[in-house]
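Please go over the structures that come below.
What follows is a pair of complexes built around chain A, which joins chain B in one and chain C in the other.
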Partner chain A sequence: MSTTERATGRAIGMPLDRIDGPQKVKGTAPYAYEHHVEHPLYLFAVRSSIARGRIVSMDVSRAQDVPGVVIVVTHENAPRMADTRDQELATLQSDRVDYRGQYVGAVIAETYEVARHAASLVEISYEEETHAAVLDPASDGLYAPEVVNAGFPTDTEEGDFDRSFSSAAVRLDETYTTPTEHNNPMEPHTTVAIWEGGNLTLYESTQGVHPVGRTVARVFGLDRDRVRVVAPYVGGGFGSKGLPHANTMLAVLAAQMVEGRPIKFALTRQQMFAGVGYRTPTVQRMRLAADEEGHLTAVGHDVIEQTARFKEFAEQTAVVSRMMYDTQSRRTTHRLAALDVPVPSWMRAPGEAPGMFALESAMDELAEACNLDPIEFRVRNEPEIDPESGLPYSSRNLVACLREGARRFGWEDRDPAPRTRQEGRWLVGTGVASATYPVFRMPGSRATIRYEGDGRYAVEIGAADIGTGTWTALTQISADALEIGVEDVDLRIGDTRLPYASVEGGSSGITVWGAAIFEAARVFRERHGEDPSEGDEVQARTPNNPETENYAMHAFGAYFVETRVDADTGEVRVPRMTGVFAVGNVINPGTARSQFIGGMAMGLSMALHEESLVDGRFGHVVNQDLAEYHIPTNADVGEIDVSWIDEDDPYVNPMGSKGIGEIGIVGSAAAIANAVYHATGIRVRDLPITPDKILP
Partner chain B sequence: MRPYSYVRADDVEGAIATLSGAPDAAFLAGGTNLVDLMKLGVETPEVLVDVRRLTSERVEDLEDGGLRIGAAVPNSVLAADRKVRTGYPVLSQALLAGASGQLRNVATTGGNLLQRTRCVYFYDTTTPCNKREPGSGCSAIEGHNKNHAILGGSEHCVATHPSDMAVAMAALDAFVNVRGPEGGRRIPIEDLHRLPGDEPRHDTVLEHGELITSVDLPPPGFLSNSKYRKVRERASYAFALVSVAAALDVQDGVVRDVRIALGGVAHKPWRATKAEEALRGEPAGEENFRAAADIELESAEPLQDNAFKVPLARNVITRTLLELSEGR
Partner chain C sequence: MDAEVTLKVDGTDHTFVVDTRTTLLDALRERLGKTSPKKGCDHGQCGACTVLLDGRRANSCLTLAVAYDGSEIVTAEGLAENGELHPMQRAFIEHDGYQCGYCTPGQIVSAVGMLQEAEAGWPSHVTEDLNVEEITLDDDEIRERMSGNLCRCAAYANIVPAIREVSGR
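Let's look at the complex of A and B:
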């Protein structure tokens, strides 16, 4: 058995301050919209006010007459795209309307204000068709997709689930739901597009410059080397900027029509609620069964969720139930309703986040039914090998996280009886839940290392930093890979002129980009030694990791939460959360801590706040701003205690690290729901947990 | 946003004259609500008349022992005013329960009273709304209406008034001083905001061209034993699901006087006069407080998503009065 060559340097593991911190604090780090361009024009989108049908006519005369308007773009005058197979991207290519809020036109003008005003003057008549925009789990139109997101099988079956479930001593059969949620990064989706002399330059708010560049090149029929995408700093994405959406295509279409003049396009907050991805609502039936000793005998996880009629996205919600616990029998299924809605997409931990809300809530319920402490119940069902693949784990330290979390949080003397602790008007409770996230790898990343003299090395990779700390972490990795100090690394990321890097998604960035840098450093030293000449350069790819054939690779974690619920009002507050993670080596404790805190705060948000309200009559989200779509304020987030256990995993990658961008959200909503139950005796199975669900 | 012109008047009279001559003109003070609504195309004034510097920015003593609050007093200044904090704690607490620090620094007393509803359909020009576009229909009655009215709604509108400050002022029996083309008038705050009826377009009884110049509070008396309790889904920066402004005067265990106003339940700050009447002269205590709340809420007509507001309001009225009676 061979193990990957390991990092032994000093920079990895150091709490290096963010390299880009001072620039961001001073406001000098340019985000997409802030890149200086000469004589820009401004774009404002016209959006459909029906959910399904076709455009009969568009009257643009009033818009066109507004002083300062350059062009009003419609499906009739928009340039034709070269490739319209992806219907999400085929913007203004036909008179079809597939969802409410879809781009059906745009105004290009000399100022943003003029563009926005003129866009409101475009008059459209539609031939409207009957639409369906709300997920109905009882619908007879549900279907099984061929695969679900990330290539997982749609359904799985192990053992005789029906017999095991029906004959078990203890059984649970409950349905849990999660609502539609929208990613809402602080920086909205933004593009500055310049089409000049057959070349296209995009300053883009994206999680991956190369994937955007390749998609745009394909859609518009351009050679890849004629498309440059630049994104040095990105104000969050949470998955919504992982795949290019129609907004980028609209900006490129506009740039093509005003060749030579840059187009600036930023979505309003309201426009963030259609067309840039969201988390599908889910309806999850959980059937768990256990024997008298509290060993699981059946795990059933049946998911109903939605996709767009015009393009499929199938969230892998039940996948966590395939590997989390040991059981004699297991069944998982995914069924989709195809609706007249924008296509769902990635939102921080797609699959794991909603799936673990259901599984970990159900585990809490079954623990109580078995008369077992919820930690002990999980420990009893800890698998020795990965139940799904049959492979051993490269490392699995869930139990260590649960034990360490219990110690830090003070779980030991917990009275399991619900609704027994009251302080003034507050009902107090505590809850626990597990977390997991796979070690994903994406193919194809490459890094270039070049010696620049004076002891300095340029490290180039077209990776992204969406606020996560990539600038800093890859600098540390480069320093150790080259065995030099971090001050001698000139890292360059966020530009398609740099070598290809896969998307910052699936918590995979550091694993694959870091591995590419390690490989490039190895080859560099092999060819050029310790004393290179200025200009010496190598490029290398992320090598295959043969250990993925031998081991199942996942990160794990555990949350402990205290909730206080106002007995009069049902208001839920979370004064403290403890998160303990097993994620291999931590590259930078400072930025990692921020990632975990952010993930847990987003889990709190999922538990208590976030819900996109779709009005079925119209087909769109009606609470489409941050006054009505709630995310937590500082006052909602109490003490968050984050730590991680020492975990030595020699198999995952040369850094020994596992991705940490997403695991912080996975399961934290369940921990809160479990704590709310412990506080009140009320089991809320439908997120978010709002006062109306707790008041009698 | 529709193009508009911006003018600054020299004085109140000038501002009123400018507005009176222009049917599509609006007063601009802090702009925290109006400008948002203009961006969304909900409000489309052709002329903005800036009145920010025309009315008083001070809180002054009145001869009767009350206070006069200039219309331009920022919410943050009013909340911090020593006499408000001691004489009318309910008002200070209500102000601090609203918006955010940044918004309170800019938002004015007059403007706060004139906030428009936060009904999502009112905010969305692609959906019908009788308040925004009379006769187009109410999308909320059959739509998402968790935040909507349980009291005083009509078949035309079930919107709620979003202000916290106004709820406290309703409990305090404040008077709103107004100047207009026809001269001045003094409106009991109870009469400023109206129920939607068949004219939900109008939030208040103010005529076009009338400008709020100040708000008068009566002498504090027992109002210094007052409290604001706001229930919302997150701990800060959210509009009330239900709020209660209350003042209580208990002597020898008997309720001598009481004021209760509710927010988040109606098209206007809802003065709970039935509950007040039921309590005057009765022993103070949880049972009576709860019974009085029930009397007030008897006429509640919840919608599909907001039936929880009835027990919520009952619980919060009861708890707030109980805390006031116990000196908490």
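Let's look at the complex of A and C:
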């Protein structure tokens, strides 16, 4: 582990153990379902068995007759929402069915067992309509969205792409595809909802208590201060708990029907394969061209992906190709197919993860076509300024990552020829890929600092810790911002009674929450000095960062991978991975390292394992559990060597840090695909790389 | 149908009436308030619900509470005695063998049970010699024996050294 010493401050940069560690290892840290409530009722959802149509009738009599059942909820008796514009959230508000697995009813009962059994007894007849649930890139119904996720333009064009591409010395024109993938955090999406006297309390598994609270208030027509959302511990999210989904709305509806009694609602693992977001499948045509010296002359990245007919989500898959490398001409496009499916949403590094699989695979192919080492090829195409905005980078150390990674991994003596190393039945190969992730900022976060006497300071912000280490990192940031010891910080997060915090998404949390804390500490010292009185308090917002007008801000990384491919079975093993990152200042080397090894292993999983198989006849995911949707096990993951280079970036935020939650997955899959090619001579452009794609 | 069961959980006896459909996991979490074992899949596929059931690791979600009347159960919470963390718990903290923490109690209980299995000479899928008397717990053995416990945060590269450290003591 590289522990970067920081000149200023004492806590930032220290590998402090997680302050929530003792509770987590005992299992006593309360996740959403585990907050103690008196006399709860249990909710179990009834889901549609058709992909499109309308409900003609529902027979709830058998369910209602089960002893212990309190209410069977349907679209006919559910409370009306105040705002149904967001069709994803407008749960049980009409007889429409927009996708298979949509909530069409629910049972409220005294026990979980009764609720689940009774839910199976609800009989529904439908009027079915013709549906389409599988992405067809040849469909004539594709359309261009107005913008893509995170507000990026749908298409871009610079230079004369067609001419540059057609006249180039070396050209590549290949299509890369990635499948539907589901986030699958270990903790299911869960809500405990209590409706009492016009006040709503939610214990929620979420990446942002305030965004959930505001959405629920809007949808149900409640004052914001009547909705309290609590989430001190969250069992992972990876984006699926970033935006509120229908399951939360269903729990609130149910709570409103049983005034005063808490509703406990956790999705089953199978139910998490519809309705809580997923990564769209992508079809990506890459056209790259280079001159004889290996300088890119054209970069074309045309993406086809899916959205739901009832709500649009457009993943920003081609955006990485706009800034990654220097070229004379460039074209990027996004086209969508609107299908009768659940709406896709965020899954770790939406855009970057699938986009960099295609770009970095194509770069590997073009490097070979140019007879260049893939590292040298990337170095030759390193831009001096951000090609998209024309701004200089606040810091861009991709080349340093590539060079340092090559040294750590032992790249120097690599024979570039594919299928040249065999050990027993194992074909051995190595591969490299780059990664990038933008420094996103979300607006509006605030932090309160209050002196509580005896040298102790309360720091309050409604931030989330989904495993990212927020509890620990914000404690370290608070200590340095106030120039006190970490033991004198009382951090409070995960509750809407605390000041507003933006969602833990886009790897933006530490940037904006940390900046709010720094600002609050500055104002606190200005007003109250070094010797405050008990009760002295200051609240401050994340200040605008004027440097975002002057600099392009991105994190970078490089991966090196060894793969061993069984020549007889096509099984791919990854005994070792090296990742080197340029992410500014690292707040906590221990938790940061965990983010990187976790992201890289999720990239391994994207490369080799993950694929949600949709049965087009019915519109559902067939392999909807953890036995058939394979996420990596301990035995799938080998040695992971993680380090980062010293990077001093004074422009990004007061901590000098860049987000690290997502970059670990970006490029990891491409590095593995490139290593599989080197091992076998077989270029797999369609993820995941399963044995059938390797065997002859 | 209801039935009365007695379970000794983390050293304390509990006698209570359960719906016979109640899993051991739901009995622990919903009836006894013992939320250390977690529900990740309810199908024995993720291992988050792992407890020591009469001394052996078991998926409590795949087990009906009535089937284990009179049994002794140890959860991760119970591994910590008198407020002192178990060495495996301390090793997970020191190696940061977790992120979100949801699979962690199951990982830790599973690791403790696994060390006992190895100590007893039980071979695994990667053990070369099935008749060997003493199991050498190298990293591949640890990875194989811990593969019933999924971690979506993928802290595996930290979990393995944490367990290795405890096994070497």
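Points to keep in mind about this one:
Convention: the second predicted complex is superposed on the first by the 689 of 696 C-alpha atoms of A that agree within 3 Å, B and C clash if a C-alpha of one lies under 4 Å from a C-alpha of the other, contacts with A are read in each partner's own complex, and residues count from 1 in each chain.
One rule holds for everything that comes next: a contact is a pair of C-beta atoms (placed from the backbone, for glycine too) under 8 Å apart; a residue touches a chain by one contact, two chains touch by 3 or more.
Small disclaimer: the values here were computed from a predicted structure and weren't measured.
Look at A:113: by the touch rule set out above, it reaches both chain B and chain C. Of the two partner chains, chain B and chain C are each touched by A:633. More chain A residues lie in contact with C than with the other chain of the pair chain B and chain C. Applying the stated contact rule after C-alpha superposition, one finds that A:236 touches chain C and leaves chain B untouched.
Look at A:571: by the touch rule set out above, it reaches chain B but stays clear of chain C. Legend: residue contacts after superposition of the two complexes on their common chain; A:690 is shown touching chain B, with no touch to chain C. By the document's definition of touching, of the two partners only chain C reaches A:591; chain B does not. Within the superposed three-chain model, A:192 lies out of touch with both chain B and chain C [touch as defined at top]. Shared-chain residue A:625: touches chain B and chain C both.
When the shared chain is aligned, chain C comes close enough to touch A:27, but chain B does not. Common to the chain B and chain C contact sets on chain A are residues 113, 117, 625, 627, 632-636.
By the touch criterion stated above, chain A contacts chain B in their complex at residues 49, 113, 116-117, 120, 270, 425, 566, 568-571, 573, 608-609, 613, 615, 617-618, 620, 622-625, 627-628, 630, 632-636, 690-692, 695-696. Residues 1-3, 40-41, 118, 120-121, 123-124, 126-127, 139, 142-144, 146-147, 231-239, 241, 305-306, 308, 311-312, 315-316, 318-319 of chain B touch chain A in their complex.
If you check the complex, the residues on chain A that touch chain C are 17-18, 20-31, 33-34, 36, 111-114, 117, 184-188, 233-236, 238, 266, 268-269, 466-469, 590-591, 593-595, 597-602, 605, 625-627, 631-637, 639-640.
Residues 19, 21-22, 26, 29-30, 33, 35-43, 45-46, 48, 75-77, 79-80, 85, 89-90, 92-94, 96, 98-105, 108, 140, 142-144, 146-160 of chain C are the ones touching chain A in the complex.
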